[in-house]
Amino acid sequence: MEPLARAIEAALFAAEEPMDAGALADLLGGADRRDVEAGLCAVQADYANRGVHLVVREGRWHFETAPDLAHLLRREREQVRRLSRAATEVLAIVAYHEPVSRAEIEAIRGVQTSGGTLDVLMEAGWIRIAGRREAPGRPTIYATTPEFLDHFGLASRKDLPGIAELKAAGLLDRIEDAEELPDPPGASESRGEAPQHRDEAGN
Amino acid sequence: MEPLARAIEAALFAAEEPMDAGALADLLGGADRRDVEAGLCAVQADYANRGVHLVVREGRWHFETAPDLAHLLRREREQVRRLSRAATEVLAIVAYHEPVSRAEIEAIRGVQTSGGTLDVLMEAGWIRIAGRREAPGRPTIYATTPEFLDHFGLASRKDLPGIAELKAAGLLDRIEDAEELPDPPGASESRGEAPQHRDEAGN
Amino acid sequence: MSETGLFPAQADTVEDDWEGIAAPARQDDAALYLALDGWEGPLDLLLDLARRQKVDLRAISILALVDQYLRYIERAEALKLELAADYLVMAAWLAYLKSALLLPREEQEEPSAEELALRLQIRLARLGAMREAAARLMARDRIGRDVFLRGAPEGLAIATRTRWRSDQFALIEAYGRVRARTAPVVHMVRERPVMTLDSALNRVSAMLGVALDWMELVEFLPPHADPQLRRSALASSFVAALELARLGKAELAQESVFGPLLLRRVA
């Protein structure tokens, strides 16, 4: 095994967080970035058929166990957060529509989203506040994090299942107010005034 | 790579502590212990020249980074900084008056000295704690180190110029208005109580 | 509720659109309410009904969907179930949509009923897409469940160590600075040119001895003295003049306030 590949292998084994090629090059005493990238690919190829794989998620590399061994390694203890249906839906909406405001999430789901649902996802480190939309009311907008991609084994957002097809079908277009279901005559008030109903918990 | 070797590799990679062959055999769905031991040896041989080694200590196996790469994983970044004016003054006082307590340093400097300044000088390796003064309160006393003499190119403390030489070199006249700080309250008294600082300075 | 399931458990068991909900109601109304509670709002219920048409969401019959929904709501009301307001709002809107769809096209208002139906369909498709996406996402190989990171990474430590630098001159200069700053302060009064009272007495009496007439006080002062000495000599000579007058050796005269002070020997 080449010295640089060995060093990359050791560094990524020891690292507590995924690292990109630049950080690795710095760590390895200012190695050339392209050499590091070539080395990463060599190590990745070397591990392709092993019990451990070298994977890259949006430019950041880490080792993880091979997915086909999940049945052997799956642990009884709760390592993975159990998400409510509401939380999984909100997560999917943020991932496929990002950046997206809470009102837009609610427009897609047709129900109010409790703040707790967003909190649970932020606490898990999967979504983050990505600023404010330059629109009336300047609503907070949300986006996913690198940890989200890591956790779900996605190389990038383009890797989200079916995202290209959904986009082509226009199902990921921004929801315009005009598209909202118009209220039936006389019903607008009660619709606006019933925020307390069906506030689903995010647990 | 053999399926059992792959599984062993993945299991030890993910394990939070070293595992023995028996524990591995249990984890891997009751594999035969001798097969597991053979598998461990195979994996170990496979990693022999890599950046990561499979090692066994008292019958328990774990991965660790190759010893020859340790320097890469624990880097010390060195940062060179010039000693501050205040710290240089304190160091000079220690050098001229050692052993000297903090109260005595303050009395000589005529200004209060933060503990951080002494810490910096100790971190630099130029002063050390030289015991306690057999006086009320048993104050810690400080002295210089051999590294101090090295760094400042002095064969011994006797090489330090005396007061008369300082005067002749004009070093006692270089006083700018901005440097004329009033004594802190109480400093004049302690100055009176530290007569021992005068004698050595003049030699 | 299953983590990965597309639908709430009770929805999966529903065979027919009404019996599914009515089944628990045979026991008591509270259970029925809970069953209805399995839907997250009217859009969720509509989506579930639409899926039961077992066709692509884009091909569903909106009229049939509206009828199904309205039947649910009617039955729930007949059972005196407490329905959340938004279910009723949706029912009212769907009833309106249905009547508009049944009207001849030319009598419809803007936007047309067909367009409203299309929007409803798009909303259902969008929610359906996200629900499927969520399920696919949750079914991926997830870290900590299906794949695992290194259990006990050594960690990469980058310690920053400061190396301090100074030099001999800085050290000696610092000591000089300290000593200069804290050297005992000595007050030195510089010598100033003065004429003492004694010398003024001598000078004035000597000059009076040779003078014939009244003389101004200023004429007794040293003629080319610098201003500071002159001031001192003026003060001393004035006191000397007073002293000579007291001793009866001289007399003083001043003709006007602040006028010249005149001095003459007493014969």
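Each chain carries a letter (A, B and C) given by its place in the written order, and its residues are counted from 1.
Everything that follows uses one rule, which is that a residue touches a chain if its C-beta (ideal position, glycine included) is under 8 Å from a C-beta of that chain, and two chains touch if they have at least 3 such contacts.
Note that the structure is predicted; figures quoted are calculated from it, not measured.
Comparing mean CA positions across the assembly, the chain most remote from chain A is B. Across every pairing of chains, the maximum count of C-beta contacts belongs to A-C. Chain A and chain B have CA centres that are 42 Å apart.
Centre-to-centre, using mean CA coordinates, chain B is 36 Å away from chain C.
Here the spacing of chain A and chain C, counted between their Cα centres, is 30 Å. For chain A, the set of residues touching two or more other chains reads 11, 13-14, 27, 63, 65-66, 73. Multi-chain contact residues of chain C (touching two or more other chains): 148-150, 154-156, 158.
Against chain C, in their complex, chain A makes its touches with residues 11, 13-16, 27, 62-67, 70, 73-74, 79-80, 82-86, 88-89, 91-93, 95-96, 108-111, 150-154, 160-163, 166, 169-171, 175, 179-185, 187, 190-191, 194, 197-198, 200.
Taken in their complex, chain C has these residues touching chain A: 1, 3-5, 8, 40-44, 84-86, 88-89, 92-93, 95-96, 111, 116, 119-120, 122-123, 125-127, 129-138, 140-150, 153-156, 158. Within the complex formed with chain A, the residues of chain B that make contact are 1, 5-11, 13-14, 27-29, 49-52, 63, 65-66, 69, 72-73, 75.
By the touch criterion stated above, chain C contacts chain B in their complex at residues 148-152, 154-168, 170-183.
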